[in-house]
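A single structure is presented below for examination.
All chains are identified by letter, namely A, B, C and D, in their written order; residue positions are counted from 1 within each chain.
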């Protein structure tokens, strides 16, 4: 597997099209500098609220698609959650949008052809199609497992059916595909496809479950995590989670620059939202024994 | 007066240290410097103020560490950082290599720890100044924050001043959530501070009405961004009026050149940019450009002439005397 | 659990005084009451908190008295008002006539003046409670603001408490720009306050970069609006944690039902609406409706069950202990 | 002269049309409740910035015109000054706008026909045409004097020429009409028209000058003042100026509810921006002698 670091750029893009896709909104934005540097798994960070915004932090979204039109466009697919995404949902064609990207560590791609299972939860599927494209160009077999709470929240089922060797859909309410979660369906898909690697993007609980399944099968798994972010390019230090390094040491690493894609078994899912006692620099931990900080309050 | 082609002399002094211009990053808002240098040339800034360096590496606070608030944000990053050893081995040399002037922020839990940091930094090449982050809990005083206690602040500053090389200015960084910012400022200057920096983030909180729990894992966090600019301007104004000879690094909600000019007119000779860097990676250089333009429009030949200018006695006109200690009413 | 048709019991208590619901106007943000009653029925509010009444009529501060800031505003109105005589003759009776519950805010420059006001109000019919605005300069202490001094605040409260009829609660209104809000709160409660109100406006300032002068004639002013909500939530949280039995009137940047709920979860049992009234004359009733809806969605049968709920010990889950005295880092 | 108090309403209006008029922007908004209550001189208060705005205070504008279309429309004419007016200038047809109005004391209108001079400075002229209409319907003679810094800032010259018995234009740079100020031209207009009353709307300095001229001629003058406002409906107490009451006592009165139209000679123009020492409740003034407040700081 290989990966390349790219330099992000800031682009004031123009919204080309907007559309609704079931429960989601999709925005296509002209942003050549970002499109040309894009690799599957990259994200962009968007300023919201316009001039004199009351929202000083940025919002981060996976890039769903890039197209060569107008020098290069990127498409975002998003759910309305809070103030920033409601503002985004009101954007119209010709509005301008401040994007920074591409950001983060993209999905590493295998050097040689192999069988890949791509697992998406909710809008997490959005980042998988560009990946599938790349994998297929390299001769890989691609199988999809897409899930969500309900049918209207499963993103990209049609495209998955077109692209994938097989496509398995799951919904928690049973309104589409199998009733249940992606992790219920995953073992069979891995077995049937004789999968060599799993890629997953979706809610943290799903990534944890997918990682457990892959570990069970003893195959590598790459997960794209979602942590709350304020900048997306590494300066705010708010998007950290505990990840075990090559040296076996757990560090609080930024998911925007060191991630969002990590090897699943390296992410300490059960410890997210804490500072594990054995993490580098944890309060009371070894590294701090010599220091004066004995409480976790400063 | 300036002709349109002339440029404004943007040089400024942090105590006796000359900076090419007044715009710096704010402590803790530019990670190691590497991240921003993907976007801008750090050498073009007045200085880079580092994150607050601690003796040991620190993992910081648990997540969620951030919550957006109206025109602001709360953070409880908790001084995550590599510790002074790694800082001296790799972060500082990289800043120097990039041609950046480095103002090193330090944080400790006791006077001894601040002093130990100063000792480690005393001989490090490339330290343009030391900024003492006083918004840390004093483990020897039940975790009471240094910056809320004039005497404790002064003690830290005096010890750092005594330890650092004489030619490296020591800047005391103050927090606004005190009853009397001038008292803290005065204590720090009496303790030997060569300059003051303000404001650090006042303590705030937000509660998620869906989970019905505090939004931050740490409960409270520091409030930053445009929301706090009026508090920053007021602190700068009060301190500059009381201690007009002391150079001040102003910060708090600066997003544009106009905001920077507001702080300068209140008394800042250096302006740090924090939260704006999360909104715009080019913020520092954009603000610098906008500031220079505004100064030019107003006929300034030198930035220095604008520092504290809003304090000049009102000319003829119906303005009233401005009291310093006032109620908000 | 509630069925969709059921309504939430919105009653609340300000000490022993029952209010039909928790939403009130904030002191000084609804003029005499006449203006808002063009838009809404004042009797539908939990209470109307009056402007701060002074002994003599006051012309207030010179203009400009107002400057907008990001998600906030600065004001230096300076307690313009008709004085207690006219208030008792005409403003209070009109509120009573309209069926409004009146919480009367009082302001003075000395303990004697607060006491004199309490004496004038002691027998006035229709005073549901007294709110003591402590953000006034103490003329006997070089103009130091009462609210920044626990002992002076306690003295005012004790004297007002001793003077008022026993069945009229005395609410002490605190300002956030102190190093330790809990200390001031505790002093007021020890002095006899039946309830606390917070936050009054922290002192802020803005400078007009075109005139290069302070935007307000008075120089500094009080900062209000959504920008300060994180400060309000933090103060409420700290005080409710320290004094869980004391009823708190929360305010600071409440624009929506969600904002009101945030303050309630932090510990407020009454929520006052100030700056939002300048944006939306219907704000109080809209917020009340939104709040009731949110409580219903969350399965509350009674508002009272939500008060301070964010303090409940975290259930199973990876949350950390929340310290009260903390740095912002 | 007579006046009537009306009850203001809040209306979420829809923008019908937007246009540029020289240096100004004009917005027509469907707002039936306001249009039907409108009298010349009334103002409206506008919320700016949309949902999650960073601008919590309202902006106040004169109503230029009301029309019966769509149940009633109001038109505002405005100059871009700061953040709120730049936002307003970006509104497009079909956007919605939160208006409260009609607000304030309108122009009092004479019972019997008489000769009226209407003086407007900059966008201040906007409020004069509805007034002229009403006056003419009552058989009054109307003469206009409109001025501004430059030609593109003189608002409504054409309409004035159509409506007025005479119309005199002044610009400070001489780019239109007479070089100078409205007060330079006013005496001659008053004399020629044998004016019985003057109405004026414009910058404070102009109103002061117009009042002086009217006083000189010993005729009544009604001025519409502009003070910085946060609400427009009387609750914020920020828009005060010193005005002498019928009882001879100066009070700090709110220009949004007691004004914006005042009798010119009652406004203490020279003391605006101060609390005159003899104003009711002034610090150290008589009314406060008994009180403990000796400084103007609380």
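The working rule: a contact is a pair of C-beta atoms (placed from the backbone, for glycine too) under 8 Å apart; a residue touches a chain by one contact, two chains touch by 3 or more.
Keep in mind it's a predicted model, so treat the numbers as computed, not measured.
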Smallest number of contact steps required from chain A to reach chain D: 1
Pieces of the assembly without chain B, by contact: one piece
Centroid distance [mean C-alpha coordinates] between chain C and chain A, Å: 45
Distance from chain B to chain A - Cα centre to Cα centre, in angstrom: 35
Interface hub residues of chain A, defined as touching at least two other chains: 52, 54-55, 83, 272-274, 296-298
Shared-contact residues (touching 2 or more other chains) in chain B: 28, 62, 70-72, 75, 77-79, 107, 136-137, 143, 217, 225-226, 318-320, 323, 326-327, 329
Arrangement of touching chains [line / ring / star / complete / other]: complete
Footprint of chain B on chain C - complex, ascending: 28, 52, 62, 69-72, 74, 76-79, 107, 133, 135-137, 142-145, 148-149, 175-180, 200-207, 209, 212-214, 217-223, 225-231, 233-234, 237, 253, 258, 261-262, 265-266, 294, 298, 306, 309-310, 314, 318-320, 322-323, 325-329
Touch list for chain C against partner chain A, complex: 70-71, 226, 317-320, 323, 326-327, 329
List of chain D residues in touch with chain A within their complex: 49, 51-55, 83, 86-87
Residues of chain D defined as touching chain B within the complex: 52, 54, 271-274, 296-298
Chain D residues within the chain C interface of the complex: 7-8, 10, 47, 54-58, 83, 98, 100, 227-231, 233-241, 251-252, 257, 272-275, 279-283, 285, 287-298
